[in-house]
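Should a chain be cited, it is by its letter among A, B, C, D, E and F, assigned in written order, with residues numbered from 1 in that chain.
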């Protein structure tokens, strides 16, 4: 089954991106496909290349990047939401790409299920 | 009277930073002093130099910068909260400075009133 | 000396206002800002509670936040005072501490 | 085909769970995650409401979120099923749409 | 527009539960809704709980320094987005009537809204 | 430590109203509390509403991939932060008793908690 995932909140402040990551990992382990993870609202902050969380805590951005590396998951950051909040090509972590909101609607159409994580 | 202001949330996603800015402006207009504005939690995202909100919307970061320029308001971003979220010297907007959480406690001690804006 | 309590969440969505009303002391000032301003309007399901609260506390609502949301400051519950940001500053100055019910 | 509803907010703080229960259809699946897991525990002020809801809906709670908060999955309200992230994925696959009550 | 024309038409519902201005969700959901129009899907907008405040008439956020995006709801019709639903119980709780709303909507009871939601293929909430 | 010794001692209260793990506030408030210890202020911690869950025993967030910071509450005593208050009504609503808590606390009624809050000079809530 093809899942689309929408992440509405930034890392650390809300559990949303952690929950989304755990869901994605479990879906892949069960042999499902992740069609796309779309980052919207403050969710775009998951894609910063500049975050340095304490070494004894998880690194949310790195978690997403590893998922992209290991399973070729498509990580898409909304361009408009990113511009508003200062997530742009210059500080985009490798593994993420910036694109339009249409990519979210497309995920809703193409994926069998769209799962949202937010506040 | 000396006011300290604590901003807990990032720009745009919550009204908190807009409310804090309007409060600060009104306090200065009434002849009060702003001892310090401290940005904590996602509030650190107010200090990004990379935000480009739509031209027909307000620019929250620029609002703060103008307050700092016109009234020498001390805008302090928490170093630990900023590191976690990717607000560091490299993308810090002019007018803000990065320092420790002790600066917030100091504001609580030195200011006559501490006003918090958050979610 | 009394305390200023600020509430910024809708009374229909969250418990912030209730928690504030449960802890504030008689005579304290309460200021509704942002999405809490809905609690100030007459004719809602919480208007009765607010009218009661006005007997114990000095209730205020931020006019700019009411207008932003399309509400007429003239339509607030009896006993609620409408203030602007300057009034917010004065309330903060006149009370000894500010407790934000986040 | 039924729907999976996810709720992630504490029932003591916000109205998300109530709004979900008010709109879900009989037979729908509801999964409590993050701060909504408090609603699953026996002995709370909302336990009676959850026991009632279990008669109409297929109630689930995310075990990892319960354990994170120090609660024993064995202590949930009767009728609530504890699942892990794999179970969350299965619920999402078995229902035709997922409605997140944010 | 080739890539947007997949031939698949799904029932999309944007569920608005949050008030405008206090948080950005109302504005950014509206941006989603406008984009969705390009994909020829069967788009529904539901306003329940505090989401009803999004379509309150007379919004004037100039003094809080925030953009007034509420006129955009009136423009939805031009994008062929015409299925707007508001919940009666939520309006009553907030002391609002249809006259307070800035766009024509279909008023549904909570029970009817629940049934309509159950028909959707994709539900986007914020 | 010179700049921290202003000679002023204020009554600070950190009011915790939010559950841990679902949001970061509990963790980052704790970081504030630890820093405050260096300033020789009269520090109080209040746990009300969902904030009571912050000091629930047995937290084990390994499976959600999040750091378990709850042992830090036990370390507060070492920083001379010993004025911890929990609200009785909030515990009852959540089905919790003092035995469920990982640190010694003073249990106050809601009315007592309100009176204590009113004595503070600086109240920090999250």
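Keep in mind that, in the parts below, a contact is a pair of C-beta atoms (placed from the backbone, for glycine too) under 8 Å apart; a residue touches a chain by one contact, two chains touch by 3 or more.
Everything quoted here is computed from the prediction, not taken from an experiment.
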Among all the other chains, which ones are in touch with both subunit A and subunit B? E, F
Please identify each chain that touches subunit B as well as subunit F. A, C
Between B-C and B-E, which chain pair is linked by more C-beta pairs in contact? B-C
Could you tell me which chain lies farthest from subunit E when each chain's centre is the average position of its Cα atoms? F
Quick one: point me to the chain whose Cα centre is farthest from that of subunit A. C
When centres are defined as mean Cα positions, the distance from subunit C to subunit F in whole Å is 26
Need the CA-centroid distance for the pair subunit A / subunit D, whole Å please. 24
Identify all positions of subunit B at which a residue touches two or more other chains, and write them in rising order. 8, 12-13, 15, 19, 22, 41, 54, 57, 80, 114, 116, 118
Counting only residues that touch at least 2 other chains, which ones in subunit C make the list? 8, 12-13, 15, 34-35, 64, 84, 97-98, 100, 102
In subunit E, which residues are in touch with two or more of the other chains? 21-24, 49, 64, 66, 122, 125-126
Contacting chain pairs, sorted by label, are A-B, A-D, A-E, A-F, B-C, B-E, B-F, C-D, C-E, C-F, D-E, D-F
In their complex, what parts of subunit F are in touch with subunit B? 3-4, 6, 8, 10, 12, 24-25, 28, 31-32, 35-36, 38-39, 41, 122, 124-126
Can you tell me which positions in subunit F touch subunit C when the two form their complex? 15, 17, 48-49, 110, 113-115, 117-118, 120-123, 125-126
Of subunit C, residues touching subunit B in the complex: 6, 8, 33-35, 64, 84-86, 88-90, 92-93, 97-98, 100, 102
Tell me, which parts of subunit B touch subunit C in their complex? 1, 3, 8, 15-16, 19, 22-23, 25-27, 29-30, 32, 112-119
Note: in the complex, subunit D contacts subunit E through residues 3, 15, 19, 22-25, 28, 96-102
